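Two complexes come next, and they have one chain in common, chain A, joined by chain B in the first and chain C in the second.
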Partner chain A sequence: MAEEKKKDYEIKVDVKNLNFYYGKQHLLKNVNLFFKKNSVCTLLGPSGCGKSTFLRTLNRMNDYTEGARLTGEVIIDGQNIYGKSVDVVELRRNIGMVFQNPNPFPKSIFENVAFGLRIHGIKNKEFIVERVEKCLKYAGLYDEVKDKLAKPAFSLSGGQQQRLCIARAIATNPSILLMDEPTAYLDPVSTSIILDLITTFKKYYTIIIVSHNIQQAGRISDYSGFFLDGELIEFDEAGNFFLRPKDKRTENFITSRY
Partner chain B sequence: MIEEKKTVPDKPASKAGEGGENPEVFPVNRGYIRRKKFYNNLAICFAVIAFIIGGFPVFHIIYKAFEVGSAYLNWNFVSTLPTGFPIGARGGILNAIVGDVYLIVIASVLSIPLGIGSGLYLSLFGRKRSNYFLKLLNELMIGIPSVVWGIVGFFVFSTATGPGFHLGFSSLAGGLTLGFIMVPIITLLTEQAVNQIPASYIEGALAMGATKWQATHSVIIKAAMGGIFTGILLGVMNIIGQTAPLLFTNYYNTGMPTGVTGPGGAVGDLAMLIFIYIHEPSKILHYKAEAASIVLLAFILALDLGLRLINYLTKRFLL
Partner chain C sequence: MKISIPILNLKYKDDLYRLILSLFVLGIIAIFFVSVLVIAAYSYPAVIRYGAPFLWVKTWNPPMEIFGALTFIAGTLFVTFLALIFSVPLALGIGVFLQEYCPFFLRSFLTVIIEMLAGIPSVVFGVWGVLTIVPWLRESVEPFFNAYFSGIPFLKVEENIGYGILAASIVVAFMILPIIASITKDSLSAVPDLAKDGALAMGATRLDVIKNVSLPYALSGIYGGIVLGFGRAVGETIAVVLLIGNQAIVPKSLFSVGYTISSVLANTFTFAVISPIYASAEVELALILLVISLLVNIIGRNILNSVIGGRLSRSQFGGG
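Up next, the complex of A and B:
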C-alpha cells in the first residue's frame, strides 16, 4: 500500500477485500487498493492475470457474466456500488469505459459519440453536435473524420475506432475513466495524443488504465499497481513503484525479466 | 535430440545478412497434399451434383408451369374475379391475390411483434436453463404439421359453438392461425440473429449507462435486422404456400370478402385456388392453376425483393 495517509476526502474509488470468481476459478484474490481523485493509475501485469476482470468489477460489467461471483466492496464516492440501492445505469454514466478491443456500435461515426447523450435523454441538437465535435477533438480524431461523420464507424481503421471509443466514453462527462489498453492499436503520434489527453484530463477525471507498455505507464501515472495471477502484488505511487519496487516480482516485471 | 544443437541455433544471427536458410525441418507429407486436393475436387463435384439434383426439378416445374399456364398470364388474369362455369373457367384470380394480402397482413400483425419479442427474450433476457426448454418448445412448434394448426385454429377461432372466438370461416380466423405458424419461425431467426451479434456491442452500450432495453432497441435490433427480416420472409413464404390450416378456418371465397369475420369474411387464396382448381375435372382450370402458380412464385419473389429493399434502406438510413 501507499505509504502516505489515506485521506477519505481524496479517495474516489476504494476497493476492499475484493474477490472475484468465475465458476471454480478464483480470478481476483483479496484485492485492496484505492484510487485518488484526479489521479492517473496504471495497472500492470502479465497477460491473463486479471487486469481486465478487475477493471470490469469497477463498473459492474460482470453483472451479466453467467457464473460470476464477487465478494468484498467497491466504494465509489462513499457508496458501495454492490450495495442494494445502487442505480447501475447512473453509476455507469459516471464511469466511462474504453474496452480492450475497439467496439464501436454499428452506427455512424457521429451517432457513436452521440449515443451516450441520447440514451440519457439529451435532445438538444446543437448541444449534441457541439459535444460530439469536442469529444472527437479531444480524442484526436476530428480532423480525420470531420468530412465523413455520417459514414459507418466500421469504415474506420482499428486505431481510429479505438479513438472513436475514447471519444464515446468521455461524451457523457463521467468522473471516472476506465481504459483497457487504450493505445494498443495506435501509432506513436496518436498514442501521444491520447497520453496527452490523459494527463490533461486528470484535472477532471479519475483515470484507471490497464497498460502493457511500462514506459508509457511510467510517463503518465501517479499510481501504479502490479497484478499477478489475480493477486495485487504491489500498489504504490509511481515514483516508488517504478524506481524502488518493494517486491522482487514487481521489479522483475518492470525490468522485463519475467 | 542429438541433432538439436545443429537445428536450433543458440543465438539468432546478430548482423543483417548473417546466417543462412532456416535449418529446421518441416516434414512435408506429399501423399497427404495429393489427397487433400483430391478431396477438395470431390467436394466441388458433390456440390455441383447436389445443385443439379436439387435445382433441376425446380426449373423443370417453373418451365412446365410457364409452358402450360403462360397463355393465361395477362393483366386480366390478375385483375378480375373468377366467373363462368365451373367457376374460374372465365375471369382471373383477383379474389386469391386480394385474399393473400388480407391473410399475410393479419398473420404478420400478429406474428412479427410476438416473434421478435420472444426471440429477443430468449437471447437477451431469460435465464439459461428455462430458455433451453423454451427454445426446444419453439423448435417443436416449427415441426407441428400445418393440418394440426388448422384443426386448432378451427376450434379456437372458427367454430360457432363451445368456447372460442366464433369468428367463423374468415380471413381473421385464417390469418391468425397462419400467424401462429409464423411466430416460432420468426422467434428462431431473431434469436439466432441476436446471438450472432458480438457481445461487445451490448457491453459497449451497457457500459455507457444504457438500460437493457435501450441497448436492445438502439443497437441490437438494428444489428440483427438482417436476420429478423429473413425470419419474417421465411415465415411469410411458409404460410403463403399453406392450404391445410385454411381448410378449417377460412376455406375459400370466389368473390371479394365483405368483412374479416363471420359470413362473407372468408377470402380467396392462391394456394387454395391451385389446390381446388387441380381437383376440378376441367382442363381450363388445370391450366389456370399452373398460371396461378407462376403468379404465386412472382408474389414470393416480389416479397423477397421488397423485404431486402426495406432491410437495405433501414440499414442505410436509420443506423
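Up next, the complex of A and C:
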C-alpha cells in the first residue's frame, strides 16, 4: 500500500517485518501491514495459513508457548509491544480477545464479566456492577440474562456464551478487539447478532477478525487481508479486495467460495 | 445394569464374543457380591451377639469374649484423616507446580519419579518409617512437644517412643502423596487451553489463571484423587502395623499409640480362627472397613458426577 495513503488516517497497529517460528516451522513470513483506528479488518485464508497465529502475536498470546520465536515489530499506539519495557498484563488489558469457541470461565454470568475488572484490582462494587451491566447491554445480552446473573455461565446457549465472552472482553475498556473466528460454531441467528455487534463496535474499538467465511467478511470489513502459507498475499480496502483483487491467489480463494 | 446373554442365537461371531465378554462381566459382579456375602455371613454371629454397641464399645478382650470396635475405628479414621491433612496441600502444590510452572524437560522426569513412588510396596514404606520417622519423632519432635506443648491435651506426649498415630500418619501421607499429586497434575493438564487463554487474554497472571480457571475446572478430578488417596489410606495395613504401636486404645493425642482395623486383622486374624466368635468379631471389623470404603467411594463418585455434570456436560468446548 502506498506510503502517502498510509498517512491519511490514524494508525492503531503497525506490523513490521514480522516473522514467527515454532520449533523449525516458519509460520509467519515477513508480514507487513497496519490497522487503521476504528476500522474493522478481516484476515482470511485457508486453515493453517497462519492467520490465527498472526492474531495471537498482537497480544503476545504465544509468550508461554514453548519453542515459539518471533522477530520484527508490532507497534501499537507508537510502542513496540515486544520491547523490553512492555508490561504484558497492561498490554492485554488494552486488547480484548474473543475466541473461536465460547470459553466462559467456570463462574457465574456476572463474575465472568467482572473478572477482568477484579484481576486488575478494581474493588469498588458499584463501579463493577455498573460496568458489568453496561457491557452486557453493549453485547446485546443484558435483557436475556438480567434475572439470572448469578447462574453459571455454562447454563447459557452457545450464542449467548459467545456474547458473554464479548461482554467480558470489553469490560476492561480495551481499544482493540481481536476476534478469532468468533462465529465459527454458532447458529445463523447468533452469528447475525454478533456480526451486527461488530459493525456497531467500530465506533469504540479497532477490530481485527480472523475468518474463513468470505461472505461474512465481505459484509463487515473495511479492510481485508489474505494469508497463505504464512505469507500475507494481499491487504487492501474491502471494496478493492473483494471486487478487484490484485493477486491471482486471492482471487482464486475468494471466487472459489463465493 | 442390563446384561443380555443371547444363548439361542449364536449365528454370528459377534454374538459369541458378546456372550464371552458378558460372562467376564458377570464374573466380576459375582466376585464382588460373593466376597461381600461371605464377609457378611461370617460376621453374622458377632453382629447378632454384640449388635450396634459393637461400634462404640471400647473393650476388645478375646478371652472374655467382649468385643467392641471403637478403638480400631477411631485409630483408622485418625490415621486416615491425619494422612490426608498432611498430604493433600503438599500434593496439590506438587501437581500445580508440575503442570503449570515446571520447565518442560524436568516435567516428564519428575512425573516418572512420582509415579514410581506410587508403586513402591507399602512394606518398604513401613520399614523406611521405622528407620527414619520413628527415631526422628522420638529424638527431636516428641521431646520438643513435651517441653513446650505438654499442656495441650491433643499434643501431649504420653510415651516417648516414636511409634504411634503420628508416625503411621506421616508414612501413610507419603504413600498417598504421589497418587493425589499425579491425579492433580493430570486433571490440570486436561483443562482446555481455550479456557486458560480466555483468562490470559484478559491480562490475567498465571496465578490468576490457576486460581480462577484451572483449579475450578480440575476440581472434580482432584477430588477424585483425594477419594482414591482416602481409599488407600483407610485400608493401608502393613506400614501401619509397623508404625502405630498396635495397642487397642482410643488415641487421645497425636503422639498416642493406637491400632487400626486393617492392622489388627493382619496381626491377629490367623489365631482368631481358633474361636468362632473371636473370628466372627474380626470379620465384622473387615465388614466395617468394607462399608467405610464403599461409602467413601459412592459419596465421592456422586459428588464427582454432580460437579462434572454441572460443569462440563453443558460447556461448549469441542464446538459443534
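Here is the rule we use: the second predicted complex is superposed on the first by the 250 of 258 C-alpha atoms of A that agree within 3 Å, B and C clash if a C-alpha of one lies under 4 Å from a C-alpha of the other, contacts with A are read in each partner's own complex, and residues count from 1 in each chain.
As a convention for this text, contacts are C-beta pairs under 8 Å (C-beta built on N, C-alpha and C of every residue); 3 or more make two chains touch, one makes a residue touch a chain.
All figures in this text were calculated on a predicted structure; none of them were measured in a lab.
Chain B and chain C, once both complexes are superposed via chain A, clash.
Of the two partner chains, neither chain B nor chain C is touched by A:P46.
When both complexes are overlaid on chain A, the residue A:Y185 reaches chain C alone and has no touch with chain B.
By the touch criterion defined above, A:V89 reaches both chain B and chain C. Using the contact criterion defined above for the overlaid structures, shared-chain residue A:R168 touches chain B and also reaches chain C. Contacts of A:M61 after superposition on the shared chain: both chain B and chain C are touched. In the superposition on chain A, A:F154 contacts chain C only, with no contact to chain B. Look at A:S108: by the touch rule set out above, it reaches chain B but stays clear of chain C. Counting contacts as defined above, chain A residues 59, 61, 64, 66, 89-93, 95, 97, 99, 101, 103-107, 115-116, 119-120, 152, 165, 168-169, 172 meet chain B in one complex and chain C in the other. Those residues of chain A lying in contact with chain C across their complex are 59, 61, 64, 66, 88-93, 95-97, 99-107, 115-116, 119-120, 152, 154-155, 158, 161, 165, 168-169, 172, 178, 184-185.
Within the complex formed with chain B, the residues of chain A that make contact are 59, 61, 64, 66, 89-95, 97, 99, 101, 103-108, 111, 115-116, 118-120, 152, 165, 168-169, 172.
Listing the residues of chain B that touch chain A in their complex gives 128, 198, 200-201, 203-211, 214, 218-219, 222-223, 319. Against chain A, the residues of chain C that register as touching in their complex are 104, 192, 194-195, 197-205, 208, 212-213, 216-217, 310-311, 314-320.
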